[in-house]
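In what follows, chain A forms one complex with chain B and a second complex with chain C.
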Partner chain A sequence: MSADTVQTLIDDLGALLLFTMILIVAAGQIYRAIYAVAAQSLLIAIAGGILAISTGNPDLWVIAGITLGVKAITLPWVLHWVVRRMDVRREIEPVIPIAATLALAVLIVVVSFQLSASLGPVRQAITGNALPVGIALTLTGVLVMATRKTALTQMVGLFASENGIFFTAMAVTQGMPLIIEIGVILDVILAALVMTIMVLRVRSTVDADIADLDRLRG
Partner chain B sequence: MTAETLLWVLPLVPTLTALVMLTTGDRRILSAIDVGSSAILAGLALLLAREVAAGGPRALGVLRIDDLGLVFLLLLVVLTLAVSIYTVGWLRQAVAVGNMKAESIRLYFALVHLFVATMVVTVLADNLGVLWIAMEGTTITSAVLVGYHGHHHGLEAAWKYIIVTTIGISFGLFGTVLIYAAAAASQGSAGPGAMSWSAIMQVAPTLDPGIVRIGFIFVVVGYGTKAGLAPMHLWLPDAHSQAPTPVSALLSGILIKCALLGIIRFQTIAAAAAGPAFPAGVLLVFGLISVVVATPFILAQHDIKRLLGYHSVEHVGIVALGLGFGGPVGTYGALLHVVNHGVTKALAFFAAGTAIARYGSRDMRVIRGLLGVAPFGATFLMLAALSLAGVPPFSIFVSELMVLRAGIGGGHWVAIGIFLAMVVVIFAGLLHHAGAMAFGEPTATASREPEARSPLVGMALLAAIMILLGLTIPATIDEPLRRATEIIVD
Partner chain C sequence: MTGNWPLELVLAEMTVLVLLGPLVTGAIQQMKARLQCRQGAGVFQPYRDLVKLFRKGTVQADTASGLFRVVPVFVLAATVAAGALVPVVRVGPAAFPLGDAVMLLGLLALARFLTAIGALDAGGAFGGMGASREMTVAPLVEPVLMMVVFSTAIAAGTTELGALAAHRGSSWMLAWGAPDFLGFAAMLVLLPAETGRIPVDNPDTHLELTMLHEGMLLEHSGPGLGCMLLASHTRQIVTLGLVAALFFPVAPPYGGAAGLLVAAAAFAAKILALAIYLALVESSYAKLRLFRVPQYLGVGFVCALMALALRIL
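The block that comes next holds the complex of A and B.
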């Protein structure tokens, strides 16, 4: 694969990633957000595969495989299981209207591209538009977490946010060291596990959503 | 044992202890292992300190110790030891009144030691990726501890803590990736070595300043969340107030300092790549916001542990100000303040914890006349409050003065003005709160049992260090501080 082809492919995947992010922001039901974040992780795994072929770095295959197994399949499946188990009838419950969140998301994308356009020389170290797309995904993920009141949607926002970091990290020349990537993914899994236990525990003791508790103030 | 092996033995000690803890359920045996393991950890750290003083920085694989890391490591092991001693008596009381379930204390101890192990790794990490992984590890282990009491206030605080800090430090990871990208471009080669702080420092002047600036801002927001810098401090008062008291002391005394160490590591890279003025300016802004935001909450607070939590926000802000003013005086002052605040705040949480147990309430309007029912505990509480407020001759006064002098030397008049105004207001507020708790007629509901011995020993250890550091700075602490300052300033 020539460098130009790789760059085009990464840019196309970046566009698709931004599209899945909009699906997450616009999702009215928790299931849709979970499917969208799973699709997003799948795209990241494909990007890993493409970069592995183009750079000839076998580590990237491992990272792509782990991303596929953990973030595209296992974590969405766990979220799905929790939703069914808790029998969540509630919708997403945005703090501000979804249309307003979408407008903010668009603003974030524009600002991210502006910001990285100002960084001339650095962009050579990162393939294609992976830097602005990564920044946009990370910030939009935070936006989702800040504007949703249910715990599971907050977790979806967290995963989306981390996808942005992974995308940029893969596209850095030669990728991150394998051992570090594995450590990071291990942390993600453990954090998701602890969060899931907390959500279920609160649900079983006070029958409320953990993100909805607001007794602690001042 | 060589110093290099010691680097790897240090995090292994608490990890193995955590595993051993799971094999028994007896409270006395668990407490004995707890204190023993912390004492061993402290001994090994002192051994390492001697090696570093004699032969300079040591590294093996992804771990490395230099004088900067050493300052934080020594604070960590001393506080861990004090916490272990305090826990003996605290736990006996907590189990007796049903705050802790006897059958699950082995899990509690195991988690505490895993938490300590992850903190040791953050302090020793040379590879910036390992630093991040360990930092997220501290979040996961301590989040479970924050919600350990299991009531829904605790779980609410734990949820807020894990969500806010996880999202926060994913910003830190992004910043790390950006700076790694810049370094990989400069070094022309990747691999695990390309991510290590010492390797990046070698090429730091050649890094692209644009990306380093953006990376540094991401890192300050990220690790700053964990350090409790405002406006990312939202998790801190909840987590500090809801966690079991020994865990509060660990969170406030060490954990937020470990995050500061992460920021300092990146500050040195950013200063070399983009000039010292840029990182200094960023830290100055966050430091001022923290000091200003914390003040009204300290004045209006009724919950004693929340008060101490907000107070940590203020002091982390002062450390950031010291680093921001920069120069040898400001940096030395900031590092000394890290040590002083760690020791004093842990003491304050200990004293508050025993008072809370005695009155059965965290409300400072209920805690009255402590001096009448628990003279030793009340004395320690007053000592900690006086020191926290910045009264001479206590240690915090000394480091605050250094930070102030660095600010005046640098001509930061606006920052100094705001800083002084806030410190004076907090001084008055804190002494008012502490005086009301210590003096007066004891509340009728207060327990009049004699004071437990082990918490007093833990407090006495910290109080002694606090008073000593106020009167003089011994050479064993002064020399690492000086050399650490040189690492940051040069």
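The block that comes next holds the complex of A and C.
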């Protein structure tokens, strides 16, 4: 594939990634957010495959495969299982109204495009719009984590944020060393496991949610 | 900007759009019926309804003024005029000064305004409620439509729909950039709102809690109601045609009768695809509460804004 084609494809995937991110932010029900984050991970895996073809770096194939298996299939399935197991309310409870979160998300996207436009020579080395899209995904993921009350939806934000970092890392460095990528993936799996266990335990012992834990009781 | 497409062709396109409008509605209703395991009334039912209405007499509320009688005609006229601006087979500017996409959206907004005025004029409670709801949704839909149009128009440097189609050329699928994906996503979110369908409005119901557009038509009867219905069919096909012209125009590589035939077939296929999308959305979603509608349309707004930002930055 020529460099132009790769650039166009990465740009298009970036747009679709931003779209899935908007869906995550705007989702009123937790299942929709989970499906959207699964679709986002699938797009990341496709981007990994495209970069693997264009750079001829076999490590990227491995990373794309792991992303597909772990982040697009296993982790969403685990989240789905926890939601069913806990029998929680299906509706997302935001801290600030979802419309306000959407407005903040737009602001983040515009700011990250503006910021990376000012980088100049650094941007020349990066495939397409990968840098601003990656920054926007990361920050919007943090936004989702900050504006949701329940731990499960915060996990969705964490995955989205991690997807953003992954996308930038793949596109910026044409593939990081395999060992680092695998370490990052393991971290995410570990975080998901710890959070799942914590959510289930807290739920079963004191029947409280994360938002109820911000006050100390003497 | 003028090109070489004559007045006769533009008028023929407009006539075809108006004549095909009810067929699209009928097709969507038939697909919905099939998806819900019903027999359905057939794709030609909207034509039968129109013929029936145009044969009937008119009954009018005592409180209604003369404006109420002429509103259906004005609404139909504005919508049909908007239909003239949508390219069906042409892929370039017309030979005479013709309005552009901004004019098209303006005419549709005018039709919407007149419908609301008519509903208020009749003095019925439902009409007023429908009008106020429609006017609540409209300011959320129209600016977003504008932004989607502009995000495409910036690339081509013109808002004339025929010229836009010509700029895209026949390889539209390969030429799709990142902003096009976001703009198209915004358009898919907006389509049900602009055509008055679930999840924003429900065209099949006359229950006071759910209706937006239908509430405004309650006081009309006979030929007036026929005009209003024909206008909403036309509005629907005009909106679908606008999407087709913005995002997947097909420019036949050769002129003459064969080229026109190819373009017409492509247009039918595009409208059919969008109609299938609308039928699927209508069958798989429930109508949103009115206060949830801004959040739903917010997704479209954000997508359109991002498309515009990607195009400019």
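Following the convention adopted for this analysis, the second predicted complex is superposed on the first by the 211 of 218 C-alpha atoms of A that agree within 3 Å, B and C clash if a C-alpha of one lies under 4 Å from a C-alpha of the other, contacts with A are read in each partner's own complex, and residues count from 1 in each chain.
Definition applied: a contact is a pair of C-beta atoms (placed from the backbone, for glycine too) under 8 Å apart; a residue touches a chain by one contact, two chains touch by 3 or more.
Since the model is a prediction, treat every value here as computed from it, not as a measurement.
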{"item": "Clash or fit, chain B versus chain C on superposed chain A", "value": "fit"}
{"item": "Which of chain B and chain C A:A117 touches, first, second, both or neither", "value": "second"}
{"item": "Touched partner set for A:A3, first chain B, second chain C, both or neither", "value": "neither"}
{"item": "Which of chain B and chain C A:V106 touches, first, second, both or neither", "value": "second"}
{"item": "Chain B versus chain C as contact partner of A:I96, first or second or both or neither", "value": "neither"}
{"item": "Which superposed partner A:G28 touches (first chain B, second chain C, both, neither)", "value": "second"}
{"item": "Touch count on chain A, higher of chain B and chain C", "value": "B"}
{"item": "Angle at chain A between chain B and chain C, C-alpha centres, nearest 10 degrees", "value": "150"}
{"item": "Which of chain B and chain C A:D12 touches, first, second, both or neither", "value": "second"}
{"item": "First (chain B), second (chain C), both or neither touched by A:T168", "value": "first"}
{"item": "Minimum C-alpha separation between chain B and chain C after superposing on chain A, in Å", "value": "19"}
{"item": "In the complex, chain B residues that touch chain A", "value": "127, 129-130, 132-133, 136-137, 139-140, 143-144, 147, 150, 152-153, 155-160, 162-163, 166-167, 170-171, 173-174, 177-178, 180-182, 184-185, 189-192, 194-195, 208, 210-211, 214, 237-238, 241-242, 297, 300-301, 306"}
{"item": "Residue ranges of chain A touching chain B (in the complex, touch as defined)", "value": "115, 118-122, 124-126, 134-135, 138, 141-142, 145, 151, 154, 157-158, 161-162, 164-165, 168-169, 172-177, 179-180, 183-184, 186-187, 190-191, 194-195, 198, 201-202, 205-206, 208, 210-211, 213-216, 218"}
{"item": "Chain A residues within the chain C interface of the complex", "value": "8, 11-12, 14-16, 18-19, 22-23, 26, 28, 98-99, 102, 105-106, 109-110, 113-114, 117, 129"}
{"item": "Touch list for chain C against partner chain A, complex", "value": "176-182, 185, 292, 294-295, 298-299, 301-303, 305-306, 309-310, 313"}
